[in-house]
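Listed below are the structures to be examined.
Look for chain A in each of the two complexes below; its partner is chain B in the first and chain C in the second.
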Partner chain A sequence: MIPFDFEYYRPDTAEEAVSVFAELEAEGKEPVYYGGGSELISMARVGSRSFGAVIDLKNISECKAMEDRGNGFYLGAGLTLSDLVEWNGFPLLSKTAGRIADHTMQCKITLGGNLAATIIYRETALPLLLSDAKLTFAGADGFKEYDMDTVFRERLLLPRGEFLAGVMLDKGFFSLPYFHEKKTKNEKIDYPLITAEGLKKAGVLRIAFSGLAAYPFRDDKVEKTLNASYLSPERKADKVVKHLSSVIQSDLSGSAEYRKFVLKETILNILDTMKGV
Partner chain B sequence: MYSLKEKSVIQLNINGEIRDVVLSPSDILMETLRGQLGLTGVKPGCENGDCGACTVLVDGWPVKSCLMLTVEAIGKQITTVEGLKNAPIQKAFIEKFGFQCGYCTSGFLMACHALATIHPDPPDILIDDWLQSNICRCTSYEEIGNAIRAVLSGEIS
Partner chain C sequence: MTTYLAGNAVLRAAEDITRQLKSLAAVALRCPPENLEVADEMVYVKSDPTQYLKFKDLVHGYKYQNGNAVEGQILGRGSFIMSGLTPMDQETGIGKAGPYWTVGAQAVEVEFDKQEYTYRLIRAATVMDAGRELNPAMADAVVKGGICMGLGLGSRECFHYDQNGRVVDTSLRTYKVMHFGETPEYLVGFVETPQLDSPYAARGIAEHGIIGMSAALGNALSLAAGVELDELPLVPETIWRIKTQASAEKKE
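Up next is the complex of A and B:
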């Protein structure tokens, strides 16, 4: 049971959504955009989040679209993780979506909801960071497209009142060799101790992490180290661990020292797996 | 644009029937199904999306009804265990001893039924992926696996 009342709106267009958000905001109703809703419901139920109105984005065509647009492949932010798994057009993204929560929750969690979540893992950001995705925001001035790395820095930088409508993917990344390693403390279905994933483009390895720090990230210095031909795999792994040691977190899943140990083994494994591709 | 601002009577499609419910925007689907419609096969468990006991089908896909607003169900087809009506998976659970205390059974049935419908010839890894959404504290996992495989293989139809 959610211990407070709120109003529910399900707009049919992005313009309606942005407009009703502004009206509700002006009325002091603290509106929130609503995707799959699992995080908002969970937080509302335990009293850690309150709002006066929810604006459900799932009926907006731009949020539901999944289509080849010639210059790229567009995925609406309202698609569920299960939609992405079943699609499997970009295997790294589908693999990532299929390892978030459990299958039934994947039928509810949306791509946009995962990217904009308050939970620190936000693992769908990893394949988007790695593939130079573009994000489409909807706001009072219509739709605007941004490079992923300019509007996702540790978290999604959405201006108040705007929402994520979808992502545009470069199809050139879909068939590249990739790796995905999600390590959890105990059960397969859990938050990541470390999720490391990446791909190889034109012989250059790209890598991104979740669970390692308090936010998902990709790091230039890590990638330069991993691609340095003069370093041995052991030396590369040591340098990466040392470089990231200031951001590696300690929590109930594992201490920072344990994460460093797992990170080193993970990197060695990735380097071995990817050396021949 | 559809909106619901206060408690109102609305219609839901539940198990193939149109049912009236009195609904507030903040109502949770699991509570509406149990409290207003008497569909107590929808089991409250963790009420946090972890256990799967409250699983129902929304347009054929399994969803944990403890994490869905009832208002989201407007215009969708909701199926609870009461709506399965002697589906093969129910017979398979009996013949393969797929339960002990039975509390998790309806949630497992819904996940298994959806899997058999959407992916009638799934690889083993897909079966594992789907069934890991539900928890059985009596640990009948082996028997539940046998039950879904009996349906998928056509042994039980």
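Up next is the complex of A and C:
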């Protein structure tokens, strides 16, 4: 159970949400925005997070929307992972969402919650990094759109008082050839040892990782190496492992040494699957 | 043990009740106790079953027609102690530490990926000799449950400890147990060598399915990986580490 009292607010609009946050902040009530609440509840129960008020974003229309807007496809940050799985408009995103936790949790975890999470995996960031997505933040000055790679560096860089309203996807990426490999310690449903996913755009491979380092990322040098036609697959894999050595982590899922082994095998599989595509 | 110990005690208590029933009924029916049979909640004269008394008219004592009552509530008493046990000699290990041995054999079939060191459980078999199987469906089920637990211990269960022996897992979520869908096809069979001093020749069966499973899994994976695996749990990283070290040592 959560061992402290807190207030609950459910605003109907983004303006209401931002303004009630500011009020509560000024009153010293330590407000937090939330989506599904799974991480918030877990952390509050073990005493690693406390708050005086929660602001439930799920009723705001910009957070619930799922629609083609002509210049892109918009996904509200309040959509659950299972909503994304069922939609399947961008198969790589749906595949990613469908391999996070289990089905029960996927019905609760939201896109925004997963991106803004404290826990290090944030796997939904991967397809967004790979497809040049744009993120819409809601703040005191209304809605603003940003390129994914400027506001997501290891984690979502949200200014205090603002929240993620939604994601705009470039439909041109939806039908590109893609790959998704999730390796775990042993179970199908578990935190990633390594999630390596990516796509091929105009013959150029893009790749992003979660679980490998203590944050999700794409890396230019890794992509250049994988796309260098003069290198053998074995050589490519070795170079990538060497380049990432300093950030590869050890944790309860596996040691850094083992991750290096798994990374090499995974890259060889990917290069084999995606060659000639 | 419950079958053997408590079962024998219960049988003796039941015999005690039978004796008391016959003894009281003998008085009421005016015949020697050895002429009586106990069946169907009745005590009756073997040579003339029309002479009988129901349990309900005996178990709280017997009341004559004129109202006199004799004896009282029948309480059966039985106990059992294992015989022939001796401590084990410190030097030689010779001694009888328990009343019997229950033997069995277990095997596991796995599909091993030599490239990635991952594996899948295909089939797991257990044959037990626990005397007579009194309830075959239950015996089958309890052995299957044991197989599942044993494979869980062998393949995924563990806590992680630091240098000072403290548990570093922060939640039970990292303690993995077998899940539905990860289990093998179960093959269970029984051989029956009767236990002559046990109720109905049964030796009782409970956790037996667990005992050899980790070893069987270890042996299967050792054969598959071509290296001796002697650490649990047998997760891919462990197999990779032992195999890699062994290959490195070979080269030196």
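Operating definition for what follows: the second predicted complex is superposed on the first by the 277 of 277 C-alpha atoms of A that agree within 3 Å, B and C clash if a C-alpha of one lies under 4 Å from a C-alpha of the other, contacts with A are read in each partner's own complex, and residues count from 1 in each chain.
We adopt the following convention: a residue touches a chain if its C-beta (ideal position, glycine included) is under 8 Å from a C-beta of that chain, and two chains touch if they have at least 3 such contacts.
Note that the structure is a prediction, hence the values are computed from the model and not measured.
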Chain A contact check, chain B vs chain C, more residues touched by chain B
- Task: Scan A:Gly254 for contacts with chain B and chain C and give back first, second, both or neither.
- Result: second
Ask   = First (chain B), second (chain C), both or neither: which does A:Thr110 touch?
value = neither
Note to self: Quick check on the superposed pair: does A:Thr136 touch chain B, chain C, both, or neither? Answer first, second, both or neither.
What the structure shows: neither
Quick check for you: in the superposed arrangement, does A:Thr225 touch first (chain B), second (chain C), both or neither?
neither
| task | Figure out whether A:Thr124 sits in contact with chain B (first) or chain C (second), or with both, or with neither. | result | neither
Once chain A of both complexes is superposed, is A:Lys185 in touch with chain B (first), chain C (second), both, or neither?
second
Check: chain A residues flagged as touching chain B and also chain C 188-189
Chain C contacts chain A in the complex at 115-116, 118, 155-156, 160, 168-171, 174, 176, 179, 181-182, 233, 235-237, 240-241, 244
Chain A residues touching chain C in their complex are 46, 185-190, 252, 254-255, 258, 261-262, 265
Residue positions on chain B within touch of chain A in the complex are 1-6, 24-26, 28, 31, 47-49, 52, 55, 58, 61-64, 67-69, 71-72, 111, 129-130, 132-134
Given the complex, residues on chain A that touch chain B span 1-2, 4-12, 16, 20, 37-38, 41-42, 44-45, 54, 56, 58-59, 82, 98, 101-105, 107-108, 188-189
